[in-house]
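A, B, C, D and E are the chain letters, set down in written order, and residue numbers restart from 1 in every chain.
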Amino acid sequence: MSKSLPTPLEGVFRRVPGVRWRQQAERHLRVELSEAENLPALLALLKGEAGYRHLSAISCVDWPDADEFELVYHLDSYTTQVLISAHIRLPAAPGRYVSVSGLYRPAGFFERDIHEMFGVQFEGALDLRPFILTEWGGPPPMRKSFDTEGYVRDHYQWVDYGPEWLAELEKRGGGIVE
Amino acid sequence: MHPDHYRHTELPPSTEYELYFGPNHPGIEGNYALKARLAGDTVVALEADGGYLHRGFEKLMEQRLWIQNIALVPRICVPDPVPMEETYARAVETLGGLEVPERAQWLRMLVLEMSRLTAHLFYFGGHAATVGLYTNMFWGVSDRDRLLDCFEQLTGARVYHMYITPGGVRRDTPPGFLDSLSEVLDYVEGRLPKFDDLFFDNAVLVRRATGTGTMDQAFAIDYGVTGPNLRATGLAHDLRRDYPYLKYAEVEFDVITETAGDAYARTLVRRGEVIESLRILRQVIDKLRSVPGPIRCPLPNPLAWRIPAGDAYTRTESSKGELAYYIVSDGSAKPWRVHVRGPSQMHAVQTLEALCVGARIEDVAQIMFSLDACPPEVDR
Amino acid sequence: MSGSLFRPLKALGTLFEAPITLPMAPRPAAERYRGFHLNDHNKCIGCGTCSRICDNAAIRMVHDPELRADPVKGIRAERPAIDYGRCCWCALCVDACPTGSLSLSREYIHISENLDTFFFVPDEQGMHGFGFEHGWDKGDDNDLLAHQRQPMAEVGTEERLGDMREIVLGFDPQAALVEASRCIQCGLCHDACPTHMHAPEYIRAVWEGDFDEAVRQIYRTMPFGSVCGRVCTHRCESACSLHHRGDPIAIRWLKRYALDQLSPERVGQIASEGRTREKSGRRIAIIGSGPAGLTTAYDLAREGHTVVVYEAQTEPGGMMRYGIPEYRLPRDKLDQDIDIIRAQGVEIRTGIRVGEQVTLEGLATEYDAVVVAIGLHQGRSTRIPGSDHPAVMRAVDLLRTVWSGADFEVPRSATVIGGGNVAMDAARTLARLQRRCFGEVQVHLCALEAEEGMLADREEIHEAREEGIRINPSRGPRRCMVEEGQLTGLETVACLSIFDDTGRFHPRYDEEDARTHPAELIVEAVGQMADIALLPKSIVEQLEWERGRLKVDNDGATALPWLWAAGDMVEGPDVVHAVAAGHRVASSIHRSLQNNRGLTT
Amino acid sequence: MPDYPIYRDPPEQCRTPDAEERSLWGRTLERIADHCRARSLFVLHYCTGCGAIELPPSMTSRFDLERVGMQPMVTPRQADLLLITGYLSVKTLKRVILTYEQMQGPKYVMGFGSCTINGGMYWNSYATVKRLDQYLPVDMYIAGCMPRPEAIQQAFLQLMEKIDSGRAQNWKEYYRRYDHYLGEQQALFGEQFHTPTDVIGEARHYSLFGPETLGEHTAKLAKYDLYHPGQGAVDALEVKR
Amino acid sequence: MSIALQLLLMPLAAFLVGLAMVLMMRKVRASVERRIGPPWYQPLFDIYKLFAKDTQISHGVMHDVAIMMVLGGIICVVLFLPVPGMSGLSAKGDLITLLYLMMVPSLGMALGVGQTANPNGSIGIARALTAMAGYEIPFFICVAGAALHYGTTDLNQILTIQQHGGHLEHWGIVQMPLLAVAALFAVHAMLGKEPFEIYVAPAEIATGPMVEMSGKYLGTLFVMQCFQLFTVSVLYTTLFLGGGFSWFTLLLKAFAVVFISVLVTNVYPRYRTDDVLRWQWKWPTGIALLGLGMVMLQIGR
C-alpha cells in the first residue's frame, strides 16, 4: 500500500465505512466497498470535497460463480489527477442498484447500457429504455449465461461453400477436415 | 405506379412535428439516427438512437484469445483505429506485466499521432460537408489518403492496421519509411494554409459555426465531455500530458485550448492539434532514427497465452477524447470482461441531445459533426 | 473572429492546378501489404496452426490424398483453405505459421458474384494465378512462436558420476508451464508417435495445470508413462512442427513432469478408470514382462481377461530393468508403472523361464492365447580374434549383470565397441562403477561410424564425454589383445567408409592407422537378437521367419492361431514401439476372443 | 508492374437476360438505357458498416468516381446502387430492407468485404447477420476487410460492364421470389413483420410476378390484414386490380 | 422561321445549352476539388437513365400534375425568352409575364412535394419559398430598375436598345452597374448555389424537395435544372449584358454568368435560412435600391 494518499482523499475514505483501497497502478487507486449501499455517499464526498467531477465510466462484470455483478465506477479529478476505480458487488438476483445519474450525468448512459447488456436495474435512472438492442428479443447478451454461439446458430446461416475444386477433391477422397 | 394501399392518416394539428435524422441521412456521421421534435425550424427535443453498428464487441472479445483481439479492437472506431489498439494493448500489458521496448513505444506514438492526423483531416471534411462546403471534404479526405499510404507502407494495411500488439508492435519500419513519412508531413503542413483560406477563415463558416452548439466548461464537465470538445471550453486537460503514457512525457507539445465552446472553437482546437501532432511526429521520427532495439518483448505462444487474473483500466487520448478500456482477466487464455469506454458514448448521446435543444434544424448535423461523434464507438 | 469573405476565393487557384486524381488502374500495393494468401506447398506441413490462430474460423484444413504425407517427419497431406467471407487480413496466420510457408501477397482485388470463389486453397501463385509478389510474410520481427526450449536442469558431471542417480532433474513448474505453453496443438506428434499418444492434449492439460487430465490423457495409450517420460526415443519431437524453425517442444519431459506431479496412488486411480469389472473367463499367457508384454497384459486385463505374465528374471520389466541404466531410469519409477499394471489384475510370475519350468505347449493348452514378447536379450559378437576371451562381454550381458546386482568385478580400464545408445549405456555404466571403485574413469568407446554418423543420441555422446569417456569415432575393431591370458587392450584401425556404393554394409579400413586402446574388459555393443531357445522346434517350424526375426502380421499374430508375438523381437529395440505393438496385439487378441476364433485347443 | 491483372468472373457464371418479346425500337431503347444506366450509377449515400471509411476516399478527389459517372445520392428514391458496406446488424438490416424497397428498379446491390459474404470478423456475433444474399439479391461482392478504394473502383467498373451487357437483372429476383425474402425477414423480425412498400402489387404492376412471389410467408401478410383492410384473405392478393 | 418550329426548337436549344451548363458546373466543381470530373456526356446519360427507370413511385395525382407544372412552367419561360433568330412568344408577353412564369415551377414543386408527405420535402419547399422571398425582392427591384431604364418591358426592345450601335456603352451593366451587381447576387441565389443553397441542403434536410423524387420525376427535375440555368443566365444576359447578336456571343455571356456562380458556390458553405434572408435583403437589396435610385436620377435628368 502506498502511503502517499492525496490529502482530500484520506479524509473522504475515512468517512465512508467499509472502504479498502490500494494503489493499483501509478496514479490509480483501487477502492473496494464492502457495503454496496455506501457507494453513493462515497461518490458524493469525492465529487464534493476532492474535485472528482469526471465519471469516466461504469463497468459491469458478471461473476456467475458467485452469483454477483461487480460494478466499477471509474472517477477522475481534473485537479488531483489520481484515477479512482471504486468496486462494489451486487447479488445477481434481483440485480438492483441505485442510480447515481443525479450526481454524475454520464452515469445515465452507462446505467442504460448496463441495464440493456446485463439486465441490472437502476432505481432512479434517467432513462432505461433500450438504446442499442431495440430489436432484441433474447436475454441480456453480456451475461455469461448467454450462449452466443448457440444463438448465432439458431438465428443466422453461414455459407456452405461448394467450389469446383472442393468437389474434385472429394471425388479423389479428400475434403475439408473437420 | 400508384400504390392504392397507402392509408391516409389524419394527425391532430400540432405546432410540433417529428423529423428523423438517419440512419440513412448525409447529415449523420456514420450509421446512427436522431429523432428530432421540431417546432418550426427549432429543435424542441432530440433523441439519439444508436445500435445500428452494434456488433457485440465486448462479447466477441470474451470469446477470443488475447492476441486475436488485436484484430478486433481497431474496428470499434473506424476513423481513428490506432488508439483502440494502443489502449487494449496497454491494458493487457498492465495485467500481464509486460515491458514494452523503447523503440516500440516510439513506434506506437508514431502511429497514434498519424492516426490523430488522419482522424482530424477526416473531421475537417465532415464538418465542412455538413454546411455544404464539399470542396473542403474532398481536399481533406484526399490529403488524409496520403497518410494512409504511409500506414500501408508501415503496417501493410490502409485502415485496419492491427499494428500494435501487447508487448510492442508487430513490425519495424521498412527502409526509407521515415523519409517518405517526413515528406508527407511536410505536404500536410504545406496544405494547412490552404485549408485556412477555404475553411477556417471562411466568413460564412465562421458565421455558421460561431455560437452553434455552445457549451460552457461546467456543462462539459457535467456531461463527461472530453478531448478536443472539452478543451474548446477552456479546460487544458489532455491525457497525453496529464497521465502520460508511452513516451509522451519526453516530447514537447502544447495542449490547445479555446474558450468559446462552440462548433467553431472545437474546429479550431482540432486545427491546432494537427499542428501539434506534426510537431510530435517530427520529434518521434528523430527518435526513431536513433533509438535501436527490439520492437516487441518476448511473447508466449499466442495460442496458449494466459494473462494473470486481475483488472486494469487504461486510458488514451484519442482524436475524439478519453478512450478507456476496462479489462478483467480471470487468468485464462481469453479476457473475462472487456468494457470499452469510447469518448463518443458521452458526446453522441446525452451531450448531443442537450446541445441540440433550441438549435435550428440546419445546425443539428453540424453540432453532431463538431462533436466528432463516432457512432461505432457508441454501439460497439 | 469573423473570417473573410474573400480569402476563400483563393482556393479557386486549384482551377489552374492539375488534378490529383490517380489513374484508373490499381496501384501496386506496398511491400508488406496484407493481400490474399500465398502458401508454399513444399514448405507447408499441414499442421493447421493457421486455422487455430485465426480469429474468424476463416481457415479450414483440406485433405488432399495426392499430397505427400509423412507422419514420421511431421507432414500431413492437408493444406489450409481460406474463406474470404471471414478473413480479416490480420496476418496472424502468417505470424504464427511454424514453417513460414504461409504469407500474404500484394494482390488485393477479387470481385465476383459467385460466393464459391471466395473460398480457395492458396498456393505460391496466389488466388488467381497471377503470381503476385509476397507482401506481409515471415520476417525476423513478426514471428509469434517461441522457438527456444526451456532449459532442463541436470545433475553436474562430478556429482552424477559418483552414483547412479538420475541425471535429468525434470522441469520446475515455471519451466514446465512455459514449455507447455509453446505447444501449438498441431497434433503432428500424435501422428508420429508409434502408439499415437495424445501429446497435444496432455501438454494442454499441463499448461492448464490439470495434472489429473494430463495423466488421464497419457494413460489412454501409455501404461509406461514414467518410463517413456524418461527414455523414449521421442519421434514426436522430431516431427514437432516447431522443429522447422526452432527447438521442438520437450514432449518427453512434459510427460514425465505430469506424472511426477501426482502421487502414485492418484496415478493408479486414474489408470484404473474405465476398467471392465466383469471377468470374461478367458485366460492369456504372456511370455516376457518387458514393455510389450506388460502393455498387452494391461490392455487385456482392463478388458476383463485373466492374464498371467511369465518372466525369467527375478524382477519384471525386461530390458527396462536389465538394459536401461538406472541413471536414466530410476527403478522406483519403473516399479510404479509396473505396480499400476499389476493393479489392473495382471499376475506376473517371475523367475519362470519358459522352456524350463513350463513349456510353450503347456501354456498353449492351459491358456486361450499366448503372447511371446521376449525381447532381444542375446548380444551379437564382433567375432574378431580374441573375442572369445572371458573378459570380452556383450553389452546386454554386462548391463544385465550390473543392474541385476550380481557380482561383477569392475575393470580398471575398459573399451566399448559400438556407437549406439547401448554402447553409451555400457560405457557410462562402467564409468560410474570405475569412479566409485577407483575414483577415476578409464573407458574408451570405439565406434565404426564417424562422429556425425553415430547412432547414439547427441546428448548421450555429449554427456558421455562430460563423464570422461573417450569416444573414438571411425575406429574398426581389429583384435582383442591378450597377453598371458589377460586381456590388455583392443586394437583398432581407422574406418574410411562403412557402406559400399550399393549401400550394403562393407566397411573399408586404413590398415596403417592402427591404435591400441587399453582394456581389461572389452564390451561388444554391436547389436542384439532374440533368444528363441524357448520355442520348441516343432513350433519354430510352423512359424514364418524373416532374416532371423519372427514374421507376424500387423496385429502381431503369427502363423499359429493362438500365438502372438510383440516387442523388440519383432520390431527392434525401442520401448515406445514395444508399447504400440502391445496395444495392437492386445486388441487383436481381444477381438479374436470375442469372435471365438482360432484359439488354442 | 505495368498492368495490374484483375480477376473477372467467367461469363457463363452470369445470368443471361430474359428473352423478352420486344420490338426492335424497344430493344434499341433498352440497349441505350442499359448503356446509360451503366455510366450513371447513383450510389445511395448510406454506409452500413466499416466500409464507410473507404468510401469517401473512393468517391473523392484521389480516386474520383465521378469520372465514370457515379455520384452519391442522398435518398433511396434517387439511388440506383445500394452499397452494403460491411456487416449488417439486425437493426440496420431492417432499415436496409426498407431502403432497398424504396429504391426504384433497376437497382443494384453490392456487398463490401467479408462480412457480407459469410459474417467476416463478426461470424459469431449475436448482433449481425452473416449472409447478405439471404435477405437481398446481390449483384457483386468485393473481397476485403476493408476493400481498398482501387478494389472498390474495379468492382464498380465490373458492375458497369455487367449492367451495360444487360446481365444485371438480379433485382427482379426480389419480386419473383418475394416469398422467400419475406420469409427470411419474418424469421428475423417476427411473423408480423412487413414493410410499407407493396412489393406484391409492384410485381404485378410491372410484370415481375413470378411463381414464388406468393407463398406461405406472404399469406401471413393477408392474415395480419396488412395490405387489404377489410378483405383480409390471401385470395385478396389475387384480385385483379 | 415559323412560330411552330420555334416553339419546338427553342426548348430544345435551351435544353442542350442547359446540359452543357450542367456539365460545366460539374467540371468546374471537380477542378476546384482537384479532380477530373465527369465525362462530357454525363448530364445526358443521367437524364436518360432516370427516364428509363423500370419502376416509378408516384405519390398521388397532385404529385404527377405538379411535376408537369414544373416542366411546363419552365418551358413556357423559355418560350418567352428571345434568343438570336428566335423570338418565340416574347412578342406576346413581356418581362412581367416572364417573372410570373418563372415562379410557376417553384409553386409546382411546392404542390407536388406537399403530397409526398415527407417532412424533409416540406421543410425544403418552405425553405425554397423563403429563399425566393429573399432573392425575388432584389431581383424585382433590379428588373424594375432595368425596365425603367430601358423604358419598356418588352424583351425584344430591351435587346434592341442595348445592341444599338454594337457598343458596350448601351449595355445594362455599364448603364446600371449597381443593378447588375445586385442582380448577379440574386441570380446566384436563384440558381440555388452556396452560400444561398438552403433548400437542397443534403446534410440538413436530405435534398429537401427532391427527397421523394425518383425515376422520371427526378429526371424531370434534372431537365428543369438545365432549363433553369439557361433561362436565368439568358435573362441576365438579356437585361444587363446586351444579349447576343449571335448564338456565339449569347452563349459566351450566358456561360460567363453561370461560370461566376459555380466558381463562388464551391468555396462557401451555406448560410442559415435567416442569414440568407438577412444577406439578400441587406446587400443585394440595398445595392439594388441604390441602383434604382440612380436609374431614377438618370431618368429624371
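The rule is short, and it goes like this: a contact is a pair of C-beta atoms (placed from the backbone, for glycine too) under 8 Å apart; a residue touches a chain by one contact, two chains touch by 3 or more.
Note that the structure is a prediction, hence the values are computed from the model and not measured.
*Asks:* For chain A and chain D, which third chains touch each of them?
*Replies:* Joint contacts, listed by label: B, C.
*Asks:* Going only through chains that touch each other, what is the minimum step count from chain C to chain E?
*Replies:* 1
*Asks:* Which chains are in contact with both chain B and chain D?
*Replies:* Shared contacts of chain B and chain D: A, C, E.
*Asks:* With centres defined as the mean of C-alpha atoms, identify the chain lying farthest from chain D.
*Replies:* Most remote chain from chain D, centroid-wise, comes out as C.
*Asks:* Using mean Cα positions, find the chain sitting nearest the overall protein centre.
*Replies:* B
*Asks:* Does B-C or A-B have the larger number of C-beta pairs in contact?
*Replies:* Higher C-beta contact count between the two pairs: B-C.
*Asks:* State the chain with the largest centre-to-centre distance from chain E, centres being mean CA positions.
*Replies:* Taking each chain's C-alpha mean as its centre, the farthest from chain E is C.
*Asks:* With chain centres defined as C-alpha means, what is the inter-centre distance between chain C and chain D in Å?
*Replies:* Their C-alpha centroids are separated by 59 Å.
*Asks:* Mind checking the centre-to-centre distance between chain B and chain E? Centres are C-alpha means, answer in whole Å.
*Replies:* Chain B and chain E have C-alpha centres separated by 43 Å.
*Asks:* How far is the middle of chain A from the middle of chain C, if each middle is the mean of its Cα atoms, in Å?
*Replies:* It comes to 50 Å between the two C-alpha centres.
*Asks:* Taking each chain's centre as the mean of its CA atoms, how far is chain D from chain E in angstrom?
*Replies:* 37
*Asks:* Of all residues in chain A, which are in touch with two or more distinct other chains?
*Replies:* Expected reply: 133-135, 141, 146, 148-149, 159.
*Asks:* Where in chain E do residues touch at least two different other chains?
*Replies:* 30, 32-36, 55-57, 202, 206, 266-268
*Asks:* Quick check on chain B: which residues sit in contact with 2+ other chains?
*Replies:* 1, 3, 25-26, 51, 54, 56, 59, 63, 71-72, 135, 138-139, 142, 160, 198, 202, 204-205, 207, 379
*Asks:* Please list each pair of chains that are touching.
*Replies:* A-B, A-C, A-D, B-C, B-D, B-E, C-D, C-E, D-E
*Asks:* Sort out for me which residues of chain D touch chain C in the complex.
*Replies:* So the residues of chain D touching chain C come out as 1, 3-9, 13-14, 61-64, 67, 114, 117-121, 123-124, 133, 138-145, 147-148, 150-151, 153-155, 157-158.
*Asks:* Could you pull out which chain D residues touch chain B in their complex?
*Replies:* Counting only chain D, the residues touching chain B are 44-50, 52-54, 56-57, 60-62, 72, 74-76, 87, 89, 91-92, 95, 99, 121-122, 124-128, 145-146, 148, 196-198, 201-202, 205-206, 227-229, 241.
*Asks:* Can you name the residues of chain E that touch chain B in the complex?
*Replies:* 29, 32-35, 55-58, 60, 119-120, 123, 194-195, 197-198, 201-206, 266-273, 275
*Asks:* Contact residues on chain E for chain D in the complex?
*Replies:* 26, 30, 33-39, 41-42, 45-46, 48-49, 52-57, 202, 206-207, 210-215, 218
*Asks:* Sort out for me which residues of chain E touch chain C in the complex.
*Replies:* 28, 30-36, 263-264, 266-268
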